[in-house]
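The next part holds the structures, each set out as structure tokens.
In the two complexes that follow, chain A is the common piece, with chain B as its partner first and chain C second.
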Partner chain A sequence: MTSTVTHRPARDAATTAPNASVTAAGQMPPSTTAGGTRRRLGLLLGRVALEVWLPVVLVGVWWFASANSTSPFFPPLQKILAKTWQVWVVQGRVSSDLLPSILNLLAGYGIAVIVGVAAGLALGLLPRLLDAVEPELEFLRAVPAVAILPIAIIAIGLGDDMRIAVIAFGALWPILVNTVAGVRSTDPVVRDVSTAFRLKPAIALFSVRLPSAAPQILAGARTALSIAVVLIVVSEMSGAYRGIGNFVLAAQRNYAITDMWTGMIVLGLLGYALNLVFRVVEARLLAWHPAYRKKGVK
Partner chain B sequence: MVMTVHPVHQAAPFASSRRRRPSAVRWGWRAAAVIVSLALWQAATILLGDTVVPSPGETVVALGQLVATGAFWAAVGATVGSTLVGLAIAIVVAVPLGLLAGSGGFATASTRLSVDFLRTIPPVTLIPLAVLLYGPSAEMQVVLIVFGSVWPLFLQAVYAVREVDPLLRDVSRAFRLSRRSLWVDIVLPSSTPFLLTGLRVASTIALLLAVAAELIGNAPGVGREIALAQLGAQVPTAYAYVVVAALLGVALNLGVAVAQRRMLFWHPSVRTEGR
Partner chain C sequence: MSSQTAAVIEAVGLGHAYQTAAGTAAILRDLQFAVAPGEFVCIVGSSGVGKTTLLRCLAGLQAPSEGFVAVEGSKIAGPSAAVSLVFQDYSRSLLPWLSVIDNVMLPLKGRVARSLRTTRALRALADVGLTDARDSYPWQLSGGMQQRVAIARALVFEPRVLLMDEPFASVDAQTRESLEDLVLRIRNDEGQSVVLITHDIDEAIYLADRVIVLGGRPASVRADLAVPFGRERDQLATKAEPRFAELRAEVHRLISAPAAAPATTGGVTS
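Moving on, here comes the complex of A and B:
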């Protein structure tokens, strides 16, 4: 592959100077000034073009293929985008429908993170307890979380607290399972060192075990986040009077297809935005981690 | 860092927790845990009333009545069938494309942004559109499952190709292995662990979406039965079906775990697990 050089400069540079990987890509010999800058600019533009051409083509195809569409199900993209602006920004549905959804999502997800990490730590440190309750955990984490929605409606009703509870339940398990695994897989040498230095249990827990489990906990938290997004949408689709999930389904049932598409666009953007935020948080939390430092460069 | 393809470190959940202990003692503790859980459930029944939380006994009775009906097995069959068909299609689509997209340079760079955006769309977003196009049917359900479970498989395939040991690549070049042999003997085996991790995540998502399509989109299956039982205020039946959904999840997890052990018997991670 000839384009490897433009596409992954850091790694190629790193093979010659393994310890300078962060700056190696950007560092040019000081003698090349104007020519070097131009070459770098060219490389950068080429790289951007390489990344961007396919999305541009895909959106272009959608735009032009749907431009004169008379199909009731696939209105022109132009119309969808104009309507998205109209409905969500001008009419203010961002604050009336999107914001409540996001707040419920964050509340449920927050509960899941706190309970999942705490319970995961406890079970990870108490192997006998873990072994005893393992069948129950295997059973509970296998419940497809949307299945408990009707039960939650019976028990809690149709309010926001029901949605928060369902999200918390569904997002809990990936976090808990990964925390247990992360705590249990602490490097034995690290464990021995912290014993040898007679660290206080609290310090050993929060400064040694928890950080060493962090990459796995975050991997679980990432899975949990996508489950949480699914759950907020589904829970609003069954019996809410507001929220983005409710908006999309109501639009479909009223045959307001363009409205439905605007909701789908906004949900797609929401998913993408949450993913970006998660990535930033993860990068900050793991900035110290050797494996992540190396990986973050690529 | 435009896209870090994450090696989904889904833990093989509690795999390493098996301590060598006298098994009678171990099963004694486990039995105690089961009794405590059932007691907690019973306590919830007493506290909240059995119209909200039916007792474990009532649930078991309801389950026993269901098992004798044909409708029950039809629902279970519909859910299992759609889930497996959806997963199979996702594997067939995602694995070759992912291996291709991961194989470097142009393909990797140019698919990155599109995949990164598409995979973050919550798959349930498509339910209303899929219902319009296919009606409340198994097709609608399968479309949804495929759309959701394609991404973990695809991403793991991309990652797997990139992680092929460069030394193996060099050796295969030095020995002038054919392209076919490079893929069949080197890339595929070293990708299998990654692909199976992808399959584990994908199968969880597939079942979740199958039930969602039944609950919201009215496709036939366990999810629809839960919703119907809830609307008809047959609470024990609703609970019984939720238990069934959980058992399906357990079966799916076990299936993937068995596949993992069978297909990776040669891999260090599995060999050491048996220690």
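Moving on, here comes the complex of A and C:
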């Protein structure tokens, strides 16, 4: 999940869609008849099948391979899943641990998106500003977000503010860098359109430069999202009394290995769900982009 | 600066040179011409002669290194509100994230109230016969329809001059003829001046009241020819006129003539 350029402008959506599961959608014909609805349903099921076959196989292998496991480190999957239900749903850790983590994630990620896009636009549009601050940016970008943790604790403390800051810091860079690259790669003809029609600066920015950079901004935002999920755990390494990261780390320290595994499963499900939401938002924002077009007439 | 002049756009001693690694490459030299209100002027020249550089100077997208461009008697320092532009490549000049009507309204955004924007955009779309496509996206339309959207966008703020850079170079022959007639009709109905750049001699003579032939390196005006067919043209009848064939031969000869002034002052010099 570190690739930053996943969107290539291409005419053929079916062969160049950014992720495999969209490939099936490229074959979906736009039809509205009753038979068409049934065919669409069939294609949707096919698409779901394409998405889930590998997880089903892997879970099956895990299930049977671990069924008779006596190792304390690798408990049977059946036991892990039962415990997951017990710990997260019955004991209510979804609201006491998962929810606070998600709220920190959304706050940190939201800050990263706003700051990253705003600063990226400014730096992309003002080459001299970029020249002036580039060494500092490269320096900060090279600092792993994990290494920021001790400084953040000293500067901000042990509360949620610190965790939000760590997530925001880590998620910022892919968004910022991709926004700069996206803004700078605006087609010269599009820039000429903006100049020749004497667009007001705000309109040139919001109707022209920002949408033209959107594919790259979203590629950066997608990378940033997976970084943010990692940083949930990292940010709860110190001073946390709740949160899914804290739960996993505490379980591991206390040799509650099955509990630790349940945390892994919930984290995985969280990452998957977030990516799903992201894909919906992305497909909506980039509906005009060749890779997402539904009805490419002519 | 507003001297009393009949020209709506004029090039005054216009010259341009690019700085390259090899030195200075002179593209245009001492161009002098004026376009009257309502006049249709075609500028022809072989490819690479500097037609696009000239158009960019006329549009205010590029500052000439010598001389200047005047619009309605005033020297311009950038794009003018009286001048509009249709780009060669509609697939790049129309914004794919905006619907047809939003593309057409773009030049009015921030200047005209929303309801008026819609009214004027719909009128411009009606002028090019595309009212039905208002909510489509440009990429859902054929090439000819896309270029009509670009023409509607160029007309929406009622410019005095329409500049067109090889606007029909990438559509098929039949679409091209219908777009040519569309532009002629719009000029006849609404009275803009049109400056159209092309490498197609037939197209230039068919459309223009005057054909300006560029040639040489750096390019200068080789000829400024009046085309005597009046305002109503017909793809078959006009092209069958004896004078059409004569003009065609003359422009052809002018374009392919060797450089009149060899590289004494021009060419690549450091």
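Points worth noting:
In this text, the second predicted complex is superposed on the first by the 236 of 298 C-alpha atoms of A that agree within 3 Å, B and C clash if a C-alpha of one lies under 4 Å from a C-alpha of the other, contacts with A are read in each partner's own complex, and residues count from 1 in each chain.
Here is the rule we go by: a residue touches a chain if its C-beta (ideal position, glycine included) is under 8 Å from a C-beta of that chain, and two chains touch if they have at least 3 such contacts.
This one's a predicted model, so the numbers in the text were calculated from it and none came from an experiment.
With chain A as the common reference, chain B sits beside chain C without any clash. Once the two complexes are overlaid on the shared chain, A:131 sits against chain B while remaining clear of chain C.
By the touch criterion defined above, A:215 reaches chain B but does not reach chain C.
When the two structures are aligned on the shared chain, A:143 is found in touch with chain B, with no touch to chain C.
In the superposition on chain A, A:203 makes contact with chain C only, not with chain B. Comparing chain C and chain B on the residues of chain A they touch gives the larger count to B.
For the pair chain B and chain C, the least inter-chain C-alpha distance in the overlaid model is 11 Å.
Of the residues of chain A, those at positions 295-298 touch chain B in one of the two structures and chain C in the other. Listing the residues of chain A that touch chain B in their complex gives 1-4, 7, 47, 50-55, 58, 73, 127-128, 130-151, 153-155, 174, 177-178, 180-182, 184-185, 215-216, 219-220, 222-223, 226-227, 229-230, 233-234, 237-238, 245, 248-249, 251-252, 257, 260, 263-264, 267-268, 270-272, 274-275, 279, 283, 295-298.
Within the complex formed with chain C, the chain A residues making contact are 187, 189-190, 192-193, 195-200, 202-203, 207-208, 211-212, 214, 288-290, 293, 295-298.
Every residue of chain C that touches chain A in the complex is listed here, in rising order: 59-61, 78-79, 81, 84-85, 87, 89, 92-93, 95-98, 106-107, 109-111, 137, 139-142, 153, 157.
On the side of chain B, the complex with chain A involves touching residues 1-2, 4, 6, 8-14, 16-19, 21, 26, 29-30, 32-34, 37, 48, 52-53, 104-106, 108-114, 116-117, 120-129, 131-133, 201, 204, 207-212, 215-216, 222-223, 226-227, 229-230, 235, 238-239, 241-242, 245-250, 252-253.
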